[in-house]
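In what follows, chain A forms one complex with chain B and a second complex with chain C.
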Partner chain A sequence: MRPWLKQNLFRSYLDGVLTVVSAAIAIWIVVQIFTFVFITGRWEIVQVNIKLLLIGRFPEEHIGLLLASVMAIAFWIGVTGGAFVKPGAPKRSVLEIARELFQRFGLIALLGIAIVYLAGTGEALVAGLQIVVAIVAGRLLSALRTRVKLLSAIPSLLWIFVWGLAPTSLIWYTLSVSTLETWGGFLINFYIAVLSIVLCFPLGVLLALGRRSSLPVIRLLATTYIEIVRGAPLFVLLLLAGVALEFFIPPEITPDVIFRSVTVFTLFTAAYLAEIIRGGLQSIPKGQTEAGKAIGLSTVRIIGLITLPQALRNVIPAQIGQFISLFKDTTLAGAALSMFEILSIGKAITKQDDFLGQGLIYESLAFVGLMFWVGSFVMSRESQRLEKKLGVGIR
Partner chain B sequence: MTKPLPSASYKIPIWRNIKFLRIVFQVSVIFVVFLILNWLWGNYQINVARSSIPTDLRFLDNPANFTIPGSDFDQSQPVRSAFVEGFFNTLRVAFIGILLATLLGTLVGIARLSKNYLLNKLAAAYVEVIRNLPLLLLLTFMNLAVVLQTFPRIEEAWKPLDVMVISNRGIAIPWFVGSGTNLAAVIFLAGVIAYLVKKLRQKHSDRTGKPARDILYSVVTFFTLIAVAWFLLGYGLEFPFVDDRATSGGLRLDPSFFALLVALVLYTSSQIAEIVRGSILAVHKGQGEAADALALSASQKMRIVILPQAFRIAMPALGNQYLNLIKNSSLGASISYFELTQVAQITVGNGSPAVPAFTLTLLVYLSISFFTSLVVNYFNRKLELVER
Partner chain C sequence: MSEKAFSDATKISDTTKEAIVTMDGVYKRFKDFEALKNINFKVGKQEVVVVIGPSGSGKSTLIRCINRLEQHDAGTIVVDGTVLSNDLRNIQEIRKETGMVFQSFNLFPHLTVLDNVAIGPRRVRNLAKSEAEEIALKLLERVKIPEQAGKFPAQLSGGQQQRVAIARALAMKPKVMLFDEPTSALDPEMINEVLDAIKELANEGMTMVVVTHEMGFAREVADRVVFMADGEIVEVGTPEELFDSPREERTKKFLSQIL
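Right, the complex of A and B next:
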């Protein structure tokens, strides 16, 4: 103990002063947070509005459908989570696995428990348990796959795709029975983020290839698009879409807020994604392309089979970083387009009759912040893990 | 004898000629892009004709019909002047924000690598907490929770050491009394003299081999000169005080300006801290060992050996963060700080045509971004290692 203290906290007088000051700050912060969370915080504002914050005005009768979709996604995540695990990995004890799982997903689990506790109903508890059961079932099926010969013969991508059909069709069905306008709260932040990620990816890849193209016209077009979008603030683009999008589409279509925001997020993120993927393409040694040419592949095949897969793998952390910032930026849609997303709900609930003028903005913003913080933090941790696992930059 | 190759007489058919194919492909892409743009333009024409909204910039000459807090902008002045005012407000918050964020970010980035366990963990917590929160949430928190709710009313304003006045009407700090032009002139002169002192110190150091301490000398010269000149000119430093439900004296920062500035600085500094940390780690290990071998102290090693090289590595990423900060300052519109976006939003609300107004705003941001990247690229080229 003594040597550790000397090494890490009191190497010199200056170091000692630094330690005392930082200790004071740290203790003050911890005490403040503790008293706020457990003593002074009046969490009834979150308790009463928990459903509004999470899913907005989603119709009561379809909540079962929503839960089923979430369970299907959870099951899918469980199934695919181990899809790329190589057989013959070292056996580990249950305790070790539990510890690793807690380190990786403990925060999400704690957040889930907190939400169930705040909701305080039996239904919420059952829903939470159902989601956990879905993940566990998915993991078990995935474990079964590594043991049963017949199942492990299925290619990983096909396996992921097949199990992805259920959540996709369920979400599709949920969308068709409950109009998108009733979606709100954290649900809409999440939905917009996922939809924009899926849509911006192909565009980003095309733009990146365009910018690296040897054809001057293509290069010019891609570069102009990327540079203009990257020079513009997202907030102004959203405002512009809020008033001007209807001018550029046929008069028969009337765009709603979600259409507007998804359009902007897709077009915006594609430009940033293109720059990231371009970085990945530049990191591929020229010999790879030359080797492709030497065996007589066409340009399309060289890109599709050799350079692009390697490039995409090399920049996975940066891509996930971009997706995290897209996830956080979905809050802007609330301020620019008055969409009914979690941050604007968090502001609005402090103006309800029961809570007006009681200064409960701290509680409400703390809850909203926690949702985003846990999501982004766990995602960035997982991307670091993935980076290590794929061995980028090693060899 | 082997059979001769058929090359001489063989001609590549035109549909397999790579030069021809490249041209065809580019022309067809141009054609498709043209079709898309034409479609958009056609829709625009139809929709504009249907709604009879003006599409030109004549609205810039109309009276603005709104006031800007914290400035003597008058309602009858044209929209054009409101945009100019908003432009300067954007520049103001961006400029101060960049300075503070760089300073704070560098400190946190260094603390993040400290051998002191507590300081290290504290800096890590700062970075991880701030970086994973949406900027708009930080901004809303600063505005609604901190400034409007926690700061006291003006009657009960906090007056730490009697030099500042903090209330929910804003923050007043001590400031020079006197004309702005004089202040600018004095600062400019002091800057020139401080630069000369820095050069002299370097020469002295080169001649004698004694430590230059050029930064220390020039900074001290700079501030002493400003202080002396200011008091000689008969001006002084004025402290703010509460004067019947308002603050007098000193410089008053608007509450929304303060909230925006703090949120931007917190958010950007957490990103800059990670960049600085990465760049310090990227400096070649031998450099630090060489500094140790020369028996430089820890602070000398950081200041003279590691940091200058780290900043060379960090420059492009830092430039990106500066651009982000400038663009993020547009969020000020959500808390009614009168920067460019807020001005555009309000004049659109007052009946100016939306598409030209927001397009104009976008163009201004594009030119600011363009100018900033020119400056960053210039410094990047100056700092770059000259290689073979």
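Right, the complex of A and C next:
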């Protein structure tokens, strides 16, 4: 212990001073946060408004439908999580599995428990459990796939895509029956993010391929689109979507704000994604295409089986970065389209009669920030896991 | 016959057999550089032709024109009765008939060894997965690495990778095999295992065009050796003729430099 301390923390006088100073700063920060979270923080503002922050003024009679679509998404996440598991993986003990699950999802579980605790109702507890069950069921379905011969013939990506259709259509259905003014809270941020991610990915791939196409017209169209969209600030596009979408869409269909923002986020992120994927495609050596040609594979199959899978795998970090950024940018939609997403609500609740003028914006913003941080952090960690699994960097 | 008869690469060694690859007046230009000048070249069925020459002489370009990895500018190329044109179906047809092995292996790093070999039968000839894998496994046995089937290319040595590449090309049951410097990227101790695999193929009667710097191999396996320089076929002959009594100055100079 003492040699370690001397070696790493107190090797010279300067080292010693630096160690003491930074330790003092670190302790001070931890104490400050601890006091805020457990002593001075007045969390009743979050507690009272927890439902508002999470789902806004969503109509009571449709909450069942809402829960169903959240469960469908959870189920789909489970399916995706199990889609890349190869049969014949080494058996592990229950303890090992539990530890891994805790490392991966402990943070989300803790947040979920905290929310259920804050909500303090039996319904919230049941809903939480239902979501957990949905994830586990999805995961088990994917595990079944690796065992049934007929199912294992389905490519992983197709498998994920097919099961993604269920939540997507359920979301649209929920959207169509509940009046949109009543949607709100984190629900909106989450749905906009998920929908946009699902929709922008294929568009991004097509744009990337288009920009590399040998047909000049397609190349020009893709390049023009990418350069124009990337040149415009997201906030401007969102503001524009609030007024300008009517130019392109028949007036009978007055698009709602969610439709508007999903459109903007999809189109915007697709342009960035296209450039990321194009970078990935460029990193694949020419010999790969040549080897595919020499075997007699068609151009479409060379892209689909050889270059694109390698390219997508190589750019996982940048892709996930883009998705995380999209997730957090959904808060901009609140300001631009006056939508009651979590940040707008977080600001609005500080003006309630009970809390007005008491400086509770810190508590409110801390909760909003925590929701996004946990989501982003888990996405980032999962992407690192996926990278390792697919063997990026050990070629 | 004219005095240039010894540079006539259209005379196949066993004249009773028909030609499977024919190049007639082929030219290829890269910007300002003429890579191939008036190439007239034939490969007979079951013939092994080795192409030698200094770097930049157009050897690789010549065989890459045969399966349209490079597009020739003038002349005609016929592979097994199919005339190579811009028609995509013709190109696909010819690529199915020709197997190619590259200097840098070009295995697909994201697929297992077995999938690398099975991808052709499965995705080009549209065989069932099990059938394609059966073919692949047999070929891996033939190149003596069936035990590596489940590994990824990066886990194999260079020599093993190149043998997988040979198996991958053979999986399409090609009529001609094209080898583009198959041992140039290998460590010395691995060259022989690859050359042995190629020799075995030759003994089984596979038609082959091999671009190589391995003169011992050329002498042993070739029916004909073609010497190229500056984009032209300079001299053609049996290994004995070409190595022991070269007639052209450029051939003599090249051989004196490498032997």
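Everything below uses one rule, namely that the second predicted complex is superposed on the first by the 325 of 395 C-alpha atoms of A that agree within 3 Å, B and C clash if a C-alpha of one lies under 4 Å from a C-alpha of the other, contacts with A are read in each partner's own complex, and residues count from 1 in each chain.
To be clear about the criterion, a residue touches a chain if its C-beta (ideal position, glycine included) is under 8 Å from a C-beta of that chain, and two chains touch if they have at least 3 such contacts.
On a predicted model such as this, the values are computed, not experimentally measured, just so you know.
Look at A:Lys51: by the touch rule set out above, it reaches neither chain B nor chain C.
In the overlay built on the shared chain, the residue A:Arg313 is in contact with chain C alone; chain B does not reach it. Of the two partner chains placed by the overlay, only chain B lies in contact with A:Ala23; chain C stays clear of it. After overlaying the two complexes on the shared chain, residue contacts for A:Gly296 are found with chain C alone; chain B is out of touch. In the superposition on chain A, contact is made by A:Gly287 with chain C only, not with chain B. Of the two partner chains placed by superposition, only chain B is touched by A:Leu240; chain C is not. Set against each other, chain B and chain C touch different numbers of residues in chain A, with B touching more. No residue of chain A lies at the contact with chain B in one complex and also at the contact with chain C in the other. Chain B contributes residues 22, 25-26, 29-30, 33, 40, 43-44, 46-48, 50, 114-119, 121-122, 128-129, 131-137, 140-141, 144-145, 149, 323, 327-328, 330-331, 333-334, 341, 344-345, 348, 354-355, 358-359, 361-362, 365-366, 369-370 to its touches with chain A in the complex. Interface residues of chain A facing chain B in the complex, by the touch rule stated above, are 8-9, 11, 15, 18-19, 22-23, 25-26, 215-218, 221, 228, 230-237, 239-240, 243-244, 246-251, 324, 328-329, 331-332, 334-336, 343, 347, 359, 361-362, 365, 368-369, 372-373, 376-377, 380.
Considering their complex, residues 67-69, 92, 95-96, 98-100, 102, 104, 106-110, 119-120, 123-124, 129, 152, 154, 165, 168-169, 171-172 of chain C touch chain A.
Within the complex formed with chain C, the residues of chain A that make contact are 153, 285, 287-288, 290-291, 293-298, 301, 305-306, 309-310, 313, 390-391, 394-395.
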